[in-house]
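Heads up, the next two complexes both have chain A, just with different partners, chain B and then chain C.
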Partner chain A sequence: MENDKSNEELRVGVFVCHCGTNIGGFVDVPSVAEYAKTLPGVVFAMDNLYTCAEDGLAAIKNAIKEHKLNRVVVASCTPRTHAPLFQATVEEAGLNKYLFTFVNIREHCSWVHMKEKEKATEKARDLVRMGVARVKLLSPQEEPRIPVEKSALVIGGGVAGMTAAHSLAKMGFPVHLVEKEKELGGFVRNLNNLYVTTKDATETIMPLIEKVKSHPNIKVYLNSKVSNVHGFIGNFDVKIKPNDKDEEVEHKVGSIIVATGAIEYTKEALYGYNVYKNVVTLTEFEIMCKNKTLPKVKNVAFIQCAGSRGQDVSYCSRICCNVAIKNAINIVDNYDNLLGIAEQTGKAVEEVPVEPKAPTEVLERRRRRSSRGRGREDEEVAEEVKRGPGERIEVTIFNRDIMSYGIAHELYFNKAREKRVRFVRYKPDRRPEVIMDGDKLMIKYFHETLAVEREMPVDLVILSTPLIAQPDAEDISRLLKVPCGQDGFFLEAHVKLRPVDFATDGVFVCGTARGPADITESIEQAEAAASRAATPLAAGYVQAEAIMAHVDQEICSGCGTCIDVCPYGAITKNEEGLAEVVAAACKGCGCCGASCPENAISMTNYTDEQLMAEALAALKEAI
Partner chain B sequence: MAEDFEPKIVGFLCNWCSYAGADLCGVSRYQYPTNIRVVRVMCSTRISPHMVLRILREGADGVILGGCHIGDCHYISGNYYTERRFEMMEKMIELAGLEPERIRLEWVSASEGERFSKVVSDFVSQIKKLGPSPVRNKPEVAKKLEGAENASKSFRMKALVSKEYNLLTKENVYEEMLDPERLRNLIEQAANDEYERSLILTLTQDKSLSVKDLSKIIDVPTDRVLEHIVALRQKNLIAMEHPDGFTPTYHAIIIGGE
Partner chain C sequence: MVIGGGIAGIQASLDLADKGIPVHLVEKSPSIGGRMAQLDKTFPTNDCSICILAPKMADCFGHPNINVMTYSEVKEVSGKAGDFTVKILKKSRFVDETKCTGCCECIEKCPTKVPNEWEQNLGVRRAIYIPFMQAVPRVVTIDRDVCRKLTEDKCGVCAKVCKREAIDYEMKDQEGEINVSAIVVATGYDLWDPSVAPEYGYGKYPNVFTAMEYERMINAAGPTGGHIKRRSDGEHPKKMAFIQCVGSRNPQMGHPYCCAVCCMFSVKESMLAREHYDDIESTIFYKDLRTCSKNFYEYTERARNDYGVRTINSDGTVKENPENKNPIVVYDVGGRPVEEEFDIVVLASTLIPRKDAADMAKMLGIKADEWGFYTSPDRVMNPGETNVSGIFVAGYCAGPADIPESVAQGSGVAAKAFEVLAGSER
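On to the complex of A and B.
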C-alpha cells in the first residue's frame, strides 16, 4: 500500500524532459536539471530524452526507490494529457499520486519561446522552482469511494423519457418515471404521422407506452411533478408530488435523466397567427389532420423558419423542413383522408403509400425524366386523372433553404418536388407577408428568380414555428442545479464530446429538452442517456477525485455564504449549524474557499499555501 | 522607461479553458514574450483578492487571471464570482495607490490558442509601459497593499463580494430584487472603510501614530480617521497611549501576539 510520508524529511526528485527536440531544441534542459539540484529539498534531478517513454518511467520508479524520494516533479508537457500517466507511475513505485507535481515547459515554454533560448531556459528554471515549491507542501490524499443507490429517476414521459426508463428497467434497475400530464406519450400524441412512415403516430408509440406501463421495474407517476431534489451522484433524495394533492412521495435514486421535452413556439400576429382564421402552426395542422377537421381548401402554403433563425429565436429548429415536406406530401397524396367532411360523407380515398425510393430508383427516374424533358411522371399524371385536374391541391413551401438532412429525407424532398410541391425561396430581409384582401387570405411575396413582387390567394397558411424550451425548464434547472443555455434548452456538459451528460455528475439529458430533435434522434439520445445513467448504478460505487473543499469546523461560524455560492449544492449545514462538505458532490472548483468570510475553507491539493508558494516562487529564489 | 525592463508577471489560469487555451497556443506555436509564469487552478473562482494583492506586494509587476467565457464555466457559475472578485481587486489596488492596469481578467476558451498569445503579448507591453512595480522602491506602497490585502480578507468584504452575484441575480427571502446601484454604493463604502481601517492597523503595528499622522499617510480627513479609530477601539483592535502626555497616539493590538 501507499506509505504516508508526510512527516518524513522532504526528498524531492525532479525529472526534466527533452521531449526529443520539442523542449531540448529551445531550452537548455541539462542546465535546468542542474539548477533543480540546487533547490532546497531536491535530492535528485535528471534529464530524460522522453520521460513518458518506458525507460523514462522506469527511471522515475528507480529513483523513487534508490533515493527514497517522497515528492516527484516532472517538467515536460501539459498535465492535461500526461498527468494520469505519471501519477500511475509514482503510484506503482509506492508513492501517493497526490505527491506529484507537473511542470509544463513545452506548451507553456519551449513551443511559445522558440527564438529566445536563454530567456526560455530562465523561464523553465522559474517554472521548475515553482513546481518544487508546490510539491513540498502537498500531502497524500485518498480518493473517496461512495456507494450508489441502484435506481433512477426519469423526468418526462414522452418518447425520450419512456425509452430511457424502459432501457434502464430492462437492465434491472428500478425506475421512477414522472410525467406532468395525465397520459404518457408527450408531444407525439399531437402528431398525425411520423415521417418517413404514414403510420398513425399514436399507434406507433402505443407499444412503447404499454411496455413502460407494464414493466415491473417501472413506477409511473402521472399528473405529477418532481418537487425537490437533494444530494449527488449515486445518492439523490427526490420528492415527487401529484399536481392535485399535497402529499409527496420520497425516493432515493442514483441517477437522474431529464427528458422534459419542448413545446411549439407561437406568437400573436406572427404572419397573421391568431389574427386571421386559417393561419395555424405545424402542430395545430397535425392535430387537425389527426382529428380529421381540416377545412376544404385548394391552396395551402407553408412558411418555414417562422420565428426562428434570427427572427425571434436564434437557432434552426431542425425538424420543421422535414415535417413540412411530410405534410405537403400528405396533402397532395392523401388530402381527402384528412378532410373533416370525409368521415361524414363516408367517402374515403385509397391511401397512397409514401415510401422513400432507393437512390438507384431515383437516379433512374431522373435519367428518364431528363431524357424526355421536364415531363410529368406517369404516376403523377395517373393520380391527377384519378382525382380530376380541378381537384388538385396546390401546396407551396416558402423557405429560406430546405434542410432535409439525413439519408431518407433528401429523397423525401425530391419526392415532394416530383409531386409538384412548389418551393419558393425568400430572404430574411424580404419575408413573405400574410394579408387579408377583402375576405380573401393572400400571401404577398417577392419571387427571387423573377425578381418581382407577387401575390397568391391561399386557403390555409401553416407556420413552421420552432420548438422552444419548456416553460418550466428553468424550475427543473434550479431543482437539479444543471444549466440551461441562452435559448432556454438544457445545456450538456460538452457540446461535442459529452452530448447527454450534464456537468453535474449523475444527471443526464435527452430528447427535445436539449434542443429540437426528431423521434429517431430522441430515441438515440434516450438510449445513450440510459446507458450513461446505468454506469454508476452497475458499478455500485463512484470514485471522487481528491480535489475538494474542506471546512475547518473550529473556524466556521455557520454564516452559510459557502452554501449560497456552491454550484453543486455540495455544502450542507450539520446539526451544529456549521458547514460540512459532501465529498461525493464536491467538484473542487474552490468557489467556497475564495468566498468563506472566516477563511475556514481550504481546497485539498490546491490550498492557499500551495498556490501562494507556487506563485511567489515565480518572483524570487525559494527559501 | 528602461528598454531592458523585463516584467515579472504571474498568471492564474483555469484548468478547463484558459490553461487549455494556453496549451493550444503552444501546440500551434504562437509565440509570446517569456514574462508570464503560470499557476494552474481548477477554476478562476479559486483566486481570492487577497492572493493577488499579496503577489503584487511581493513585487510582481502584473497579475493576469484567465477563466472560461461567461456562460461556459466548467463549474457552471464560477466565473461570475471571479468577475465580482476582480472588481474588488481593482478597487483595492487603486486605493493602495497602484495602477489597476497591473491586473487583468481575460476569458480565453480552450480553442482560442492564438488569442492567448495576443492577450499575453498585449498585457506584457501594457506592463512595460507602466514600468516596474513601485513596490520595489517605495515601502509605503507595500504597506498600503498590505492594508488592502487585510481588508479584502476581512469578514465583511469577503461576505459582501461573495454574496454580490447572488444578490444581483436572485430574489431575496422577501422575493425582492436589490437595487444594483444601492448595492454597489454599499460595497464601495465598505471597501473604503475596510481598507482604511486595515491600513490603520497595519501602520500602527510597529509604532504608535496620532490621528494627524494617520490622516497624512492614508490621505483622508482627520475626522474620518477618528471615526475609524472609534470603531476599532470598540472592537478592541487598537489601543490609545499618551506618550507626550498630550497628543493621543494609537497602536494596533496584535491578537494572539507576543
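On to the complex of A and C.
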C-alpha cells in the first residue's frame, strides 16, 4: 500500500470554506487559502463561500481534473457531518476517498476564538499546514465487503430466546436454538400466572413454544450447550454439544443472540430462609401456587428487596414488586383455588390458632377508610382488627419503594391497595426481622409512621429476592468475547442507544441475561435483538472498515496484550501464537496499537510516520 | 413509513434501512431528534443527550434508504398491510431546503422575536429559525404566523441577506402520496401543564419550574447558557426542591399511571445542579423512588451519598413566601405537615400522549387506552403490535418508556415490519 504513492508526484489541493460568516466572519479565510498555496506539495488552493453547496462541490471536482490533484484537503466545519459528502465528491472525480483530509476550522477556530480574529486565522493556518503534511502521506484504501452466512444462533430457549428465534425465522433466516434444559420455556415455566392475565403462565407461552418447535427455519437443540465459538460477524463457526454426548454439531452462522436468562437469588438464613419452615422465595411461592401445594395460612408477608438494593447485591431487581403485588392479589382473590388440591393431597400445614372475630363495625370502618386508597391508612386500621376462620387472608408487603412503573403495574398496585393488601415501608437500616416465637413464626418490624417496634404473626413469609446472572454467564462471556458488568449480567454496548448490541459486532443480547426484566420487556428486547441480528443477514455482506489495525508479524511477540484490550474481540492468535486482526471486526480504534509493548501494531492511515509528520508540521512555525 | 422522528422512530428507520428497506420518516417539526434532543444529560451515565443522539440523526438523514420528511404531517392513510397509501402534507418552510446551508445569517438579521417553544418559552427565537443548533436537517424555517413579510408584506430582510437565495416567500404547502407496506407509529409524548393543579403554584409563583424548563436551563446551549436562574430575580438558587408525581399517580388529575422516567430524571437533575454549583442543595419529594433499571439504584445512591441529595418520602404542595418569592414546600413527616422554604421548586409533571394522539389513532384505525396511549391487543406477548395488521407502535406513544426501552422498541417493531416485508416476498 505504502508503495502506491512512491512514483507519483504529489499534487495537493486545498479548499478553505467561509461557511457564510460562520467561519469567514472570524477567520481571514482568503489569507488562509493564500497561505496554503505556499506549502510544499500544494498546487492549488481556493476559498469558497460554501464548500458544501453545489457550486463548492463542483469547484472541488473541477480542480481535481484541471490541476490533476491527487490529494485533497478541505478546511471547513466538522467531519462528523460533512466528511462523507466531501469523500463522495472526490470519489466522483476519480480520486480514492482516503486521499482526502478534513481540517475543522469552524469548531477549532472561528467558534472558540470568536473575539480573536488574528489568532483564529493563525490557528487555521497551522491546522491547514498539519492537514497538508498528513494528506501527503496517506495511501488509497479499499473497504472490503465480506460475505455473510445467512443464519443465526440463539443461545437460550426461554421466552426471549424463542421470540428472537421465531422473529428471525419469520424473516426467512435459518436459526439454531440451543437450550441447556430438556424443554423450552425457561424461567416462565416456574410461574403460576403472568400479571394482567390470570391464565397459567406456561399456557400463555405454549403457542410460542409450538410455533418455535414447528417452524421449518428453526432447529431446536434441547439438553445442549454451545461448546465453542470462533470467528467474527457474518462468519462464526459454532459447535453445539448435547449434555449427555460427546459428539458435537458444527454450524456456520452470521449472527449470535445471547438469551440465557437469569436465576433467582437465595441465601441460607436470609430472613430465616431454609431455617424456618414457611419462609420461601417468590419463585418458590409461584411454584407452590402452580402445583397447588400452598399451606393453609391466614397471614402472609412479602419482604421486598430481600438481598437486593445494597443488602447483598447492589441493584434493584425491577420486577419483584410487581410480581409480589400480582401474588398478593392472587392470594386475596383466589386463595381457596390455589389451596384446593393441596388440601386434597394433605400437604397443607397445620392451621394456625384462630383469632377472635372482629366486630362488624370495625370491618366496615376499615373497608370505608381503605377504599380511599391510601396505603398508610390501611396499614393502621389493619392493626386494629383480628380475623376469624373463613375470612380473607391478610397480606402484608414490607417494602422500600414500590416499583410499579408505567401504566399496568401502577394500576395493579392501586388494585392491591383497594383489596386491602397492606404496604409497610421499611428503611435499610431497620429491616424487618423474621423470628420464631416458640412455634410461631413472627415478623418484627419498625412502624415508620408510628415510630414504634411492632410484631405480627405470620404463617408464610415470601422473600422477594433478586434475579441474578446465570452461573455460566461468565463461560459464555469468555466463549463469545463479550463482557459482563459488575452485577454479573451481560453488558450492552451502550446503556442508552445500543441496549441489545454488544460492542462485538454480530453478537446481541436480550431478556434477563441483560438484567432483570419482565416478560413483555424481554420480548421487546428479543425482537430488537432479532432486528439487529438480521441486519447483516439481510444485507448479505458486511463492509469492513478500511481504517484498521495491522500487526507486523516480524515484531509481534505474541504477548496477547492487544487481545485483552480490544473492545471488539477483533484480534486472535494465529497458529504461530502471534496476533492477527480480523478485518471484519476491527473498528480501527487504535487501542491495540497504543498498548502493544513491541510497537508491532499500526493503524491504516494513522501510522506513526503520518502522525509524526502532522505533529512536526504543527511545531514548524514555532521552531 | 415511520411516523415520528424521535429516538424510537430514528432507530426503527435505521434498522429497516440497514436491511435494504426504503423508509419514509415523517416528522411534524422542522427537525428530527424529538424529546431526546431537548434533554441536557441522560441517566445513569450523565452523558450529554444531544451529543450521543446527533450522530444517529446524521446517520438517519444521510442514509441512502431513508427519505427524511421534516415539517410534514400524515393526513390520510388507506389500504392494508403490504399496501398502504399515505397522503402527506409537506408544510412550506418558505426556504429551499436544497439551497439553505444553515449558515443562519438570516436569523441574526430577522427583527421579529417570539417566545422559543424549544426552550419552553424561557428564551426567544426569531420568525426565521432553526429549533436548535444540531437540528437535522440544518435548514432554517420561517414561522408563517409571525413573519412580517408573510403576515404584513413588510420586512423581507432574510431574503436580502441570504447569499444562497434560498428564501422563497411564495413557497406553497405540498401534498404528496406515498405507498408503503408497513407503518411504525412513534409519536412520543407531550408535557402536561401543571398550572391546572393550583396546589403546585406553577404559573402563579415565579420560582416554580417544570422539569423540562429546568432541562433547558441547565443545558449549556439553552436560554440561560447553563445557569439556573430564578424567574423572580435571576439569582441562582442554593436550595432546590424536586416534587415527583405532579399530576401522575393521581386519579383525580386524570393520570393514575406512573410516567416511569421522572424519578430518574429528577435524580439526574439534582446531580447536575451539584455539578454546576458546589453550593446547591437539592431535596426530592417522592412517593416511591422508582429507580429500577440497570444501575439506576446505584445511581440514586450516588446522588444521596456523593452529591448530598436529600430524599423525602412524601407528597409536596407549594405555597409562596410573598416577601422573597421563595416557594415553600408543604410536606408530611410522620403524619404532620411541615413547611420548608426553597429557592426554586422543580415539578416532575406528567408525561401525556400527544394532543393529536386520538386523531392519529382514528386516522390509522388503531386503538388507544383511556389516556390516549396506543395499545396492543396482546400486551403481554406481542408488544408493539396494534389491532391493525401492518401498523406497529414504539416509544412513549405506546406507554411510558425510557430511552433504551424506546430504542429497543424501535428496533423491535423494525423486526416486525421486516417480517411483514420478508413474508410478502416469499
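The definition used in the following text is that the second predicted complex is superposed on the first by the 455 of 623 C-alpha atoms of A that agree within 3 Å, B and C clash if a C-alpha of one lies under 4 Å from a C-alpha of the other, contacts with A are read in each partner's own complex, and residues count from 1 in each chain.
In this section, a residue touches a chain if its C-beta (ideal position, glycine included) is under 8 Å from a C-beta of that chain, and two chains touch if they have at least 3 such contacts.
Worth saying up front: this structure is predicted, and the values here are computed from it rather than measured.
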Inset, instruction - Please indicate which partner A:316 is in contact with in the superposed arrangement: first for chain B, second for chain C, both, or neither. - result: second
Inset, instruction - Considering only the touch criterion stated at the top, classify A:80 as touching first (chain B), second (chain C), both, or neither. - result: both
Legend entry - Contacts of A:527 with chain B and chain C, given as first, second, both or neither: second
Inset, instruction - Using the superposition described at the top, determine whether chain B or chain C touches more residues of chain A. - result: C
Inset, instruction - For A:205, decide between first (touching chain B), second (touching chain C), both and neither. - result: second
Inset, instruction - Name the contact category of A:115: first (chain B only), second (chain C only), both, or neither. - result: first
Legend entry - Residues of chain A contacting chain B in one complex and chain C in the other: 80, 485
Legend entry - chain A-facing residues of chain B, complex: 8, 10, 12, 15, 19-20, 22-23, 25-27, 29-32, 34, 37-43, 45-48, 51, 54-55, 58-60, 71, 74-78, 81, 85, 117, 153-156, 158-159, 161-163, 165-166
Legend entry - Interfacial residue positions of chain A with respect to chain C in the complex: 19-22, 49-50, 52-53, 80-81, 84, 167, 170-172, 194, 196-197, 204-205, 207-208, 309-310, 314-318, 321, 401-411, 414, 425, 448-451, 485, 487, 489, 494-500, 514-516, 519-521, 523-532, 534-535, 538-539
Inset, instruction - Would you pull the chain A residues touching chain B in the complex into a rising list? - result: 78-80, 104, 106-109, 111-116, 119-120, 122-123, 126-127, 130, 481, 483, 485-486, 503-504, 547, 559, 561, 564-565, 567-568, 587-591, 593-599, 603, 606, 608, 611-612, 614-616, 618-620
Legend entry - Residues on chain C engaged by chain A in the complex (per definition of touch): 7, 11, 15, 18-20, 42, 44-45, 47, 52-56, 58, 62, 99, 101, 103-105, 138, 163-164, 249, 251, 256-258, 260, 286, 288-298, 301, 313, 334-335, 369, 371, 373, 379-384, 399-401, 403-405, 407-416, 418-419, 422-423, 426
